[in-house]
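Per-chain numbering from 1; labels A, B, C, D and E assigned in written order.
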Amino acid sequence: MDIQRGNIIVMDRRRGKLRAGQGLLQGLKVVWDHWIGSFRKNENFSQIHGTFTIEYPDERMKLPQAYRNMPVLIYDDETGHELCTACYQCARACPPEVIHITQAKDPNTGKMVPASLEFIIEYDACMSCGLCAEACPFDAIKMDHFFELATDDRMGLLQRKADLNRPISYYTTIAPDLWDEVKEGAMKKLQGSIKRRPGVIGIAGHLSDKIAARRRELEAEAAAAPPAPADAAPAAPAGKLSPEEKAAKLAAMRAAKAGGAAPAAEAPAPAPELSPADAKAAKLAAIKAANAAKKAAEASAAEAPAAPVDEKAAKLAAIRAANAAKAAAAEAPAAPVDEKAAKLAAIRAANAAKAAAAEAPAAPVDEKAAKLAAIRAANAAKKKSE
Amino acid sequence: MLKTEELQINIGPQHPSTHGVFRMIVTVDGETITDLKPVFGYLHRNHEQIAEVNTYLQNMPYTDRLDYFNSMANNHAYALAVEKLVGIEVPERAEYLRVLMVELTRILNHAGALGFLINDMGAWQTQLAFGMREREKILDLFESASGARLMCNYFRFGGVARDLPPDFMPRLKDLLIAMPAFVDEMERLLRENEILLQRSENIGILPKEVAISYSVTGPMLRASGVPYDIRKAEPYSIYDRFDFDVPIGAVGDVYDRILVRIEEMRQSKRIIEQIIQQLPDAQGGHINPKARQNVRPPAGDVYARVETPKGELGFYLVSDGSLKPYRYKVRAPSFINLTPLGDMCRGYKVADVVVILGSIDIVMGEVDR
Amino acid sequence: MDLLIQIIFGLLSALVIGAAMMVVTVRNVIHAALWLIASFFGVAALYLLLEAEFIAVVQVLVYVGAISILILFAIMLTRSNEGDRLLTKYWWASALIALGLFGVAFLPTFTGTTWNMPQPTGPAGTPEVLSGVEELGRGFVSEFVLHFEIAGVLLTVALIGAIVIAFEERSRRRRVLTLAEELELRKRRQAAESVD
Amino acid sequence: MYDVINHLINTVFGLGWPSWAISLIAYLLVATILFLVAPFQMLFLTYFERRAIAQMQDRIGPNRVGPQGLFQPVADGVKMFTKEDIVPDAADKWVHLIGPCVVVAPTMFMFAVLPWGPGMVPLDMNIGLLFFFAISSVSAVGLMASGWASNNKFALLGAMRAVAQMVSYEIPAVLSLLAIVLVTGSLSIVDLIHQQAGLFISSADVPGIPDLGLGWFVFTPVGFLAFIAFFIAALAEGERTPFDIPEADSEIVAGYMTEYSGMKFGLFYLAQYVLNFLLCAITAIIFFGGWQGPGVGWLYAQAITPTNPDGNGLFNVLAGMLGVFYFLAKTYFFFFVMVWVRGAYARLRIDQLMDFGWKFLIPLTLVNVISAAIWVGLTKWGAAEGLAFVEGWAPLMRWGVAFVITLLLNIAAYIFLARVYSQAQDERARLDNEVLERLTNVA
Amino acid sequence: MTRAIPLEAVLVVAAALFCIGLFGALSRRNLIGVLMGIELMLNSANINLVAFWRYLEPRFITGPTFAIFVITVAAAEAAVGLAMIIAIYRSWNTVNADSVDSLKG
């Protein structure tokens, strides 16, 4: 039987050679080389000597970006909107069928809204195969890198939407390249779905009531006083816009685009004298413009290669940590005071703070801010638990 | 009490050296074995019934669990079967990536198998530690490419799930520097060692005719002297573009199986080197864009087979035109390589049973399915 | 100092005699064997007391190290159903004989006769010159060389005899054929049939 | 030790106790010291083994308990104590208890004749070596008893294998030492060491050699072959790889130790490691000159010894310390070789092991005894013993001729035996022709 | 040492051991029990030899040499005896002295 492009080798068993202990000595020699070599660390793949143990809790392996452990839901930091539009693609793609979604309904019109009311993943049955992340057209569900999931109660592994939400900033820290590939499409689709979401539906659980309160505050303020200058409140007041608001927003968008990479602090162009309703809309638009400008600035910061401006990213991260901390404090009243969710949020805040601290290489200021945020988160958790 | 009559020893499911949950009822006369009855099924997970309620793509992660030592090879077999059924053709770069991953699995499996075999002979995990170190390096490469070390789920219909990350190639080239040194060291430890020769020469002999009649495949068949390798006999995917040799043994005992596995590791390294030279770097070439992943194949059946490190893994799929396969049958090499164990062990000592089982190199996930 | 030695001698002889009694009376044969080993140790200590070091060590090496293991092996290889009666039917007769022998024959002879003890020649304190291992070795190759050779021959004869008696000949043991041998056998049979 | 205590009690406190009381105290004191040394050796050796074998496998080994994992054996010991001690109900309780004790006791006895340094030997018996091996054969009885007592088929099989192995490997061990005793002419271990002074040629053979304490027996062909045979037999005696059949977990689970847990299991563990230490020590003493080393001889010459009572005491301490250092260094090196062999080799099957012992090692040691006789004849005997022609030669010349002859004899024997042995192995494995012949015409 | 213990005491101990051995050899049903009895008797003979050597003429080596010869004979006898017992056990499947009463093989 002959084969192409290669020949058949009959293994030579070296019979007849005098076997008087030489093989044994070779074995000892090999083990001796390893004993001598093992007193230094094994650096890269090309070495076969040297100790290669990584003492887990102290030293950790650097996880590759494509590493996948458990699926999580992504929400946009600025608008607080979740990318998931409850299209059930991931539920259909999941082999062990562990994803359960219920779609949200518009309370007054009764129509279906492209947002998920409740999103459950049974972490204990999920085999983290990653098919859901590939099937999702809106890039709403991504695979996380967090594998320390030990828990003592089984129900702890039934993850609800509150436990699954992760901000985009967190995902960009763990898998930057993967997010860059899908960023444009995801953001465009997000804007599309935000338009079709009334009120606060579709906003990540822990942010929804804060944003609703913010909006009420804005209406009261707009109704009470003439259009005051747009305050730099970080809260992103985006809700379902009535038609004329939409027009104003379009104008503001165009202004922001015209303004180009103007630094965020530049005051929006003085709006022409408009009726009180228009005033409210204009003010809303102003704030929208400020946000857009800020996002542009932030985009520029992200685009700039290894931007020397580390402090700003660190400050941003610190602020975001503060938000998360404040969010932990203002737990959504609707969900029952759930001891574990608070603890989880506190841990996440601490992680985010630690991530922020790890991300800002040298600046002492950011460490202090991150530590501040972590402490505040811990206090919030403690206050919550009494 | 100890008159030398038939004594039944139960090398039971929890025995430290049966690879996974596998039980052997050995009847012994004095020290020599008169009869051996293998008992398995402890790891049966209803794999083929589950496959009938899953769509074609949903089955892909389940094929990782068949021979959990080399999941890439299982995916490759399943992907080939479905592509043949549906008629999707695979771009160049994807083919090269697939063969690269399968050959890396072969090195990984043989390093592990030799380590476990020497460990069964009582060598206190030294060769196993060396084998495991090389295996970890390859698993890290798999992790950076597919996302998981063991359950890779990396193959899709029409290509692979994701392209190689930028740091994959440099680490692969480093690995290929270490590979010849590792295989030579393993050979220096195993080939001349008098103790190992005494424990493995003329033990568990499987003559050529018996091997063929038992339809044994893979390194075990080649060790018995039959030069049958599917990559050469029926070259699938792009194996016809690489030149590599097929090692065969002379007697068909445990020692030949060790030598054949060591030589196969070298041949896999040769293939990987050729892949690195010929790898086209078309952007996005890792998958056929037109291939829809939730396929709906026309009614009909297909049988595709692949040369995994353990032998010939075949998938027989019958589709009735719906989204789910009507029948999903796996021809598992470990299961069929295990059947001659009873015959092979007869006449040898009790201590040899464990060595012969180790030389067959089975994984219970594939045997019980 | 003498009192100490007498105490030790009393203890040792009690150990030896007690262990021997147990060997004879205890029901379980394994326990009997273990008591036998205890009495061997007692006897070795006795030799040390009699300052015959080499004999004591050889006693430990041969009796405790080899013969007792031989006995234990034999007991384990021949575990038959435990005999209901420990002693044979006429055990009291043998007891009578033993006692009679001890009382009538040994005791009076040993205590009666006067042994001509050698008077200590040198001044009181000189240690007696004892024939240690050195002289023993020299004696073995000079005066007792014939006895030494005969003992050697005896040991080899015993060795070969034990093996021949105890060993099951190969033919009687059913030979289990391995797969390769069966194949070879089938080929030869076909060759044989095709010839005739 | 006796005179130190005597000086302490009689002169310092002037109590004037009888000499036997003082020697009793002295021996009691030495006994307690040895009883402390044995377990500590075991603790250190277990740690040393786990670290060394880990390094050989490119890993780190225990480093969490205490600094660099030093308290790991203590943790193992505590675990061993606290584990519940289960006695199988069908087993007879007494023999189950006596088994481990009889296994451990001899290993403590063997410390009695072990010289740690110049003049530091607990009991200098003139048949020390024979005593050492006589006592070591007693532990086989303990193995047998414990194997039988646990009333478990596997334990009994394991025990019988272990005892068969220990008894059958005692013969090559004692025979290889016989060769050395022939060369030195005395069974006492202390004399053995004294004869290993000198530089590569022991001063006993050629008096003029400067005494650097390096005249070890291993540099003579007789000694070298005896060393190899003895070390292999010691591996089998101490049940180390490649001869650790008794607790071969892959075949019969844990051999005779299966039914033991808790403290009794700890005793087996202690006995095994102390026995290994002692075997390494004896190898170091007999073939590598125990505490002999450069400087020890010179220091001991100035010290207070029976021969020169007016040396100053400081040198005693110095010589003692240097001697113990050399002794322990050599012993730990041999234990490292044992661990090294454990890391490198697989395990032999029980019948191959017996084959190797009886058909290769024992003939080898017998040949070595013959070459030892030639060595003694050429170097020591004169006309009195009938070797007149050797009388005139200079000691160096006689040593040289003896060296060459024994070297050739040993090498020839080794090659011949290796060839015969490997042919015998192939013969055993190949198809049994006459059985097949008989069966073919039977059908 | 000889002052402290009279020779007669040692001889009496040896005699006692001998008688117990004799009783064991004659009365035990188990063949191996009989063998153990014989071992005891040989041991007692050895004690006598050594005692006589130590007390009467310590300078001559006839006593210890014969003691060693007795030990070698005892070892050889034990080996052959046990081999016979095992052969008997294999053919008659019993180790009781009473039931082994016919000379058929």
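To be clear about the criterion, a contact is a pair of C-beta atoms (placed from the backbone, for glycine too) under 8 Å apart; a residue touches a chain by one contact, two chains touch by 3 or more.
By chain, with names taken from UniProt: A = 4Fe-4S ferredoxin-type domain-containing protein; B = NADH-quinone oxidoreductase subunit D; C = NADH-quinone oxidoreductase subunit J; D = NADH-quinone oxidoreductase subunit H; E = NADH-quinone oxidoreductase subunit K.
What you see is a predicted model; the values in this text were computed from it and never measured.
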Required steps from chain A to chain C (each step between touching chains, minimum) = 2
Key: Separation of chain D from chain B in steps, with touching chains one step apart   = 1
Ask   = Which chain's C-alpha centroid is most distant from that of chain C?
value = A
Key: Chain pair showing more contacts of the two, C-D and A-D   = C-D
Key: Centroid spacing, where centroids are CA-atom means, of chain B and chain E in whole angstrom   = 65
Remark   = Between chain B and chain C, the Cα-mean centres are separated in Å by 59
Note = So, in whole Å, the Cα centroid of chain A is separated from that of chain B by 39
Task = Mark out which residues of chain B touch at least two other chains, giving numbers and ranges.
result = 1-3, 126, 130, 133, 189, 193, 195-196, 201
Task = Would you give the residues of chain A that are in contact with at least 2 other chains, written as numbers and ranges?
result = 19, 21, 24, 27, 30-31, 34, 42, 52
Ask   = Among the residues of chain E, which are close enough to touch at least two other chains?
value = 93
Message = Which residues of chain D touch chain A once you look at their complex with the stated criterion?
response = 52, 55-60, 340-341, 343-345, 414-415, 418-419, 422
Task = Would you tell me which residues of chain B are touching chain D in their complex?
result = 1-2, 7, 15-17, 31, 118, 120-126, 129-130, 133, 189, 193, 195-196, 198-199, 201-202, 349-352, 354
Remark   = Within their complex, chain C touches chain B through residues 76-77, 79, 173-174, 176-181, 183
Note = In their shared complex, chain C is touched by residues of chain D numbered 18, 20, 92, 94-95, 98, 125-127, 130-131, 133-135, 137-138, 140-141, 144-145, 148, 156, 160, 163, 167, 170, 187, 431-432, 435-436, 439-441, 443
Inquiry  = Which stretch or stretches of chain A touch chain D in the complex?
reply    = 18-21, 24, 27-28, 30-32, 34-35, 37-39, 42, 49-53, 55
